[in-house]
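Per-chain residue numbering starts at 1, and chain names A, B, C, D, E and F are given in the order in which the chains are listed.
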């Protein structure tokens, strides 16, 4: 099993969720995060005091999937999240040692 | 060392924290997240416009533990977080390559 | 590649970001989290009802880096985040199986 | 004849008292509950305002303020049901009767709205609505008639300038009974139930202070020296209540809190209410300092000792304050103590006796009837939501809305 | 001669109506949009208040309220441009002319501010400012003159006590046209666009209720029985609107909502506005119940059936309410139905005819001119932001500010 | 004799001015600080309101408004300490003395509350309380006596209708000195210190606008043409201040902001304050436009150039506005420029001289005494929290409360 973590632009979240459903992923966990990267932040002005805000709002999508799904999921996320502009985000994949569904105690792929 | 990540129902957080204390875990990090899964979301109605909100509030609990504690921690979380209803959440376990306590520079199990 | 996760005191975030820039890290993702640990929480009083709040606000900084940068990044974070008081936080390192830049499709170290 | 100055003031006082409930009290209460129940509290305040207004029009005003004939000691009559006969020309004192009826209505709105604080975060909306309707008709209306409509307490020259008994004791006692009948919130008192938005609560508190000028100084029903003095003593008592509560917290906990200071303010305001047309600035200072101190300790006692979940402390603040203020009216209203002097040249002891009778009568009636009406309501529908619904929050469960959707 | 009571009331009524816009309407609207656009809405309300005030001083007041000579049926004159000749001594009726001009100004402020709800979350600020300026001068000012400044509708004895046509039909129709011309928000109606801060919206709604007393009872221009009755009927209609909308939601969706109840309140208030000086409490009850019911269904129809993105439902609430209220004034104003009686002893049918003419005239003028002025504005600058800017939110894109920065 | 209309208006004006502080100013300031300090600001405003009220009762009112005998030029007497002798019958002009005393009290409350903006986010609560007490008695009270209580400036016919010197210069200069003595917030100016809740700040600003009608038009102490004109010119100056500041931002930064427009409004209101009973609409327009422009540049200069951490810009807005308005009163008050004419037929130059004397005197006294009183306070307790406490936030450290606990 793998844990796929995607940092995406927030307004793409609905598209990503739909894309994931289409490849058969039924669960995911989303966190609102602030991202720092190549994408330029914006300026804020308060009574003339100018602040450059480098951190931009991003959504972090975490999906645990079985190994065979990994490629399809990455493709689905990439397609749905891409706008072609800087700041589209990243996908990170880590190994999942174990997984468990709290309600039933099921483990492994059955837990997802 | 392992990093144990549990996605649970928010109102079970206090129970989970207590259960973890009992098995000797003294630290954890909690994030408010939104979960999408089998549990049905709720409907919201604004002047008759009906929105189905699929994302439900969940708490993500992250605990870094030494290898020998893993089983006990999983059991403790499972017992404390289970309501038996759909949406109780998941536990994911990943390998922890290294850990470090910023204050002292201690590493490994000592850092936890 | 490694994913370095640091739990730090929120008011040190700017220092950490600067320190990371100096060692050549150009991207990171930050989440506001609540931490439970050795650091004593505070008391809150509402019309005499006393609540001990064990969860303290922390910032979680996630940085994906190539293997050769790991040590330098850990050192940079440690130096920038340390106040010497309890609650300075932790650094966790996990293996990164894969990484991808959504915009370009680049993978591996190039995606970071 | 209509006096345009008095009318101007009463029009404004009416607006100010409505402002106390909407949005004042709604914000004050709404800010103090957890975020998943904020809308339920706002909804209760709005629905009470709407429903009570219609009830007032239909029978309430008439039952309080018209002559009840043989039963006048106990209740008014129905001759002005549906506000029959109130036209552009109708006059009460020196103001249009329409304005008088509206001004009084705003008191009828805020009284049941105050009770909301007792059962916040768990009562079902339908039950709340039924209970509030019954309570208005069977508790507020009769007591208001006794005190202000020429009923038996008025005949005894029981003094209640702006609602110490009619509003505050009534609501406070009802709150205590409701808290007991409906029961504690899940997790009370072990689990932290912190206010979700104190700035909102403090904003509401500020509105209450300002609106209370309409409440008390408006009760003079004229723009004259009595109204002026009522405003002055109201303000002094509020300030003294703030300072006293703050001092208690500072002494006892080492730190004063903003929730504390505004609660002291409300205590001062509630306590001066019955006395506001009768006492002088010195009396107001004493009343305010007592209010802040006694209500502070009452809150500690009810919440921490007795562990009664009167969630937003309605009884220790409004009930205790109302009782204390109604009694102290008999003291500081005396000319010797800077007041305007008791009716018929009564001594302090004599007036205190009357004040005690009115206080006890209100406590007994409000307490007994509230209990009864909740039991009746429980026959018709569940009083509270299920444990699971309480976890999820009333906003979603009862209203399918969420209070906040703030993203950065 | 100046009557101090009337003056006191009108000074306050002016403050109350300004309060309806700032912060009332600003909060009401601001709470209903998504958090990334909240400041843009507040900014629009503030900027409209400021710019309209200056326009009013420069020509607006004069064009509405002075004699237009030969063109008097259509427009006033320029003799009081820059408020020329208004001194400390100038009097209108029983109040200083300065107060009369200020009171009327607050109506001129809120009317274009109401329209903001139609194009919220997408219109450019510069375009909004230009459009509002043109609209004030070419829609609000002439219609106000026709109805209140001695123009052709006033000459027909068309009845509009406090702005059913001048304010609500005008703004409602303009909103509908603006929504159509400017187009839907990206994602409407498939994507959820939930209010970001309902407690703020409800707070604003409470302020609207209170402020509306100044709006309607202030329109009596005196502190007398007419003002009193206007306040009473205003309140009854608001309460009835609340109850009716709540009932509709309860029946249709199984759950009443706080956004629903406050929308019903606004519907009740908007609908009673033209009638408020003419009808009795019974008429107000009928009007309020109708308002809550009809505006509820109008909202469903416009938003769900027609899928028009009049974002904050300005037309179905203010437009439909204004039309209904203007017509019902011809009904419930009749003495037989508890009103003060129609002018010149007219029958209901006769007055209804006049009311219909005024209603249609306002709809046609406001509709046609709004369309034209938006097209003119579009020649000067873009009406809406780009798709990408819409994603990012107007607050950052147009004002370089963010609404909230709340950390725990 | 009491005039009921004047009394009605002054009762309301009193409520409006209290409303400016609670919740108006509290929200305005509270929204502008970081969320971890929001409660500390609200607490400061409430505590000042409470403590000043008691001080006013004890000696303040008497020291300002009674005759000081031989020392009358410099201070009033103690004959009305504890409001001795003020009864239901006491009259000042045409209103009850109780109302006059209350109205004046609300000015004494808001003045020290304004200073809070200068040392927000770092001053200790206890030090703030002690300093405000001393400041009220030794700065506000004497200056108010000089100008309004028959003191030396009044004898010179120095003109300050509603507090340009007594309120705005006083508070503004004190703010500047306090900012310098107490020092910058940690991280200023390099670190971003963004307002945590601009909608709250804008709400407070709206309340300030509305409440200011009570401030300025109430200062006529009657519901007459002078009050009416004061309201009109106040409003025009506010609107002009908005437009001018917005224009500056648009020109200089390319985008107008909502914080900018409301700051322009406050600048316009502060600047018109001393002039509000003396000038006409044209003068108000000029004053408002100047206010928005000059205060904008003053803010840039103080904050960016001098890098003084007067955190919420009290001096550049209130101080600079107050100075400018006090001087311009000597100009636009002239009959030739649409004003009511200077006392004793003085020329503009002559009156300007008097205005200058009053302005300088206030600056010197407020500046010097504020410095002294802060030094005295520092002997008793620490003026500011430690660096670590500043990081944690004043809400938790000083009050053991948190502002928000909003979960989704």
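Quick note on the criterion: a contact is a pair of C-beta atoms (placed from the backbone, for glycine too) under 8 Å apart; a residue touches a chain by one contact, two chains touch by 3 or more.
It should be emphasised that the depicted structure is a prediction, and the values quoted were computed from it without experimental measurement.
S.K.: Determine the set of chains touching chain C that also touch chain F.
M.R.: Chains in contact with chain C as well as chain F: A, B, D, E.
S.K.: How many links in the shortest chain of touching chains run from chain D to chain F?
M.R.: Minimal hop count between chain D and chain F: 1.
S.K.: Which chains, if any, touch chain C and chain D both?
M.R.: Common neighbours, chain C/chain D: A, B, E, F.
S.K.: For the copies chain A and chain B, give the interface type as same if over half of its residue numbers appear on both sides, and as different if under half do.
M.R.: On the two sides of the chain B and chain A interface, the residue numbers are mostly different, under half being shared.
S.K.: Between chain pairs C-E and B-E, which one is joined by a greater number of C-beta pairs in contact?
M.R.: Between the two chain pairs, B-E has more contacting C-beta pairs.
S.K.: List the centre-to-centre spacing of chain B and chain C in whole Å, with centres computed as mean CA coordinates.
M.R.: For chain B versus chain C, the centre distance works out to 18 Å.
S.K.: Distance-wise, how many Å sit between the C-alpha centres of chain A and chain E, to the nearest whole number?
M.R.: Result: the chain centres lie 45 Å from each other.
S.K.: Could you please state the distance in Å, as a whole number, between where the Cα atoms of chain A are centred and where those of chain F are centred?
M.R.: The computed centroid separation for chain A versus chain F comes out at 51 Å.
S.K.: Mark out which residues of chain C touch at least two other chains, giving numbers and ranges.
M.R.: 31-32, 34, 44-46, 94-95
S.K.: Where in chain F do residues touch two or more other chains at once?
M.R.: Correct list: 3-6, 8-9, 12, 194-195, 197, 223, 253, 255, 257, 259, 400-408.
S.K.: What topology does the chain touch graph have (line, ring, star, complete, other)?
M.R.: Contact map by chain: complete.
S.K.: Give the list of chain F residues in touch with chain A in this complex.
M.R.: Residues of chain F touching chain A: 189, 192-195, 249, 253, 255, 257, 259-260, 263, 296, 299-300, 303-304, 313.
S.K.: Applying the document's contact rule, which stretches of chain A touch chain F when the two form their complex?
M.R.: 44-49, 51, 53
S.K.: So in the complex, which bits of chain A are touching chain D?
M.R.: 10, 32, 34, 57
S.K.: Going by the contact rule at the top, pick out the chain E residues touching chain F in the complex.
M.R.: 2-9, 11-12, 14-15, 18-19, 22-24, 26-27, 30, 38-39, 42-43, 46-47, 49-51, 53-54, 57, 82-83, 86-91, 95-99, 101-102, 105, 125, 197, 200, 223, 398-408
S.K.: So in the complex, which bits of chain D are touching chain B?
M.R.: The contact residues of chain D facing chain B are 191, 391, 396, 400-402.
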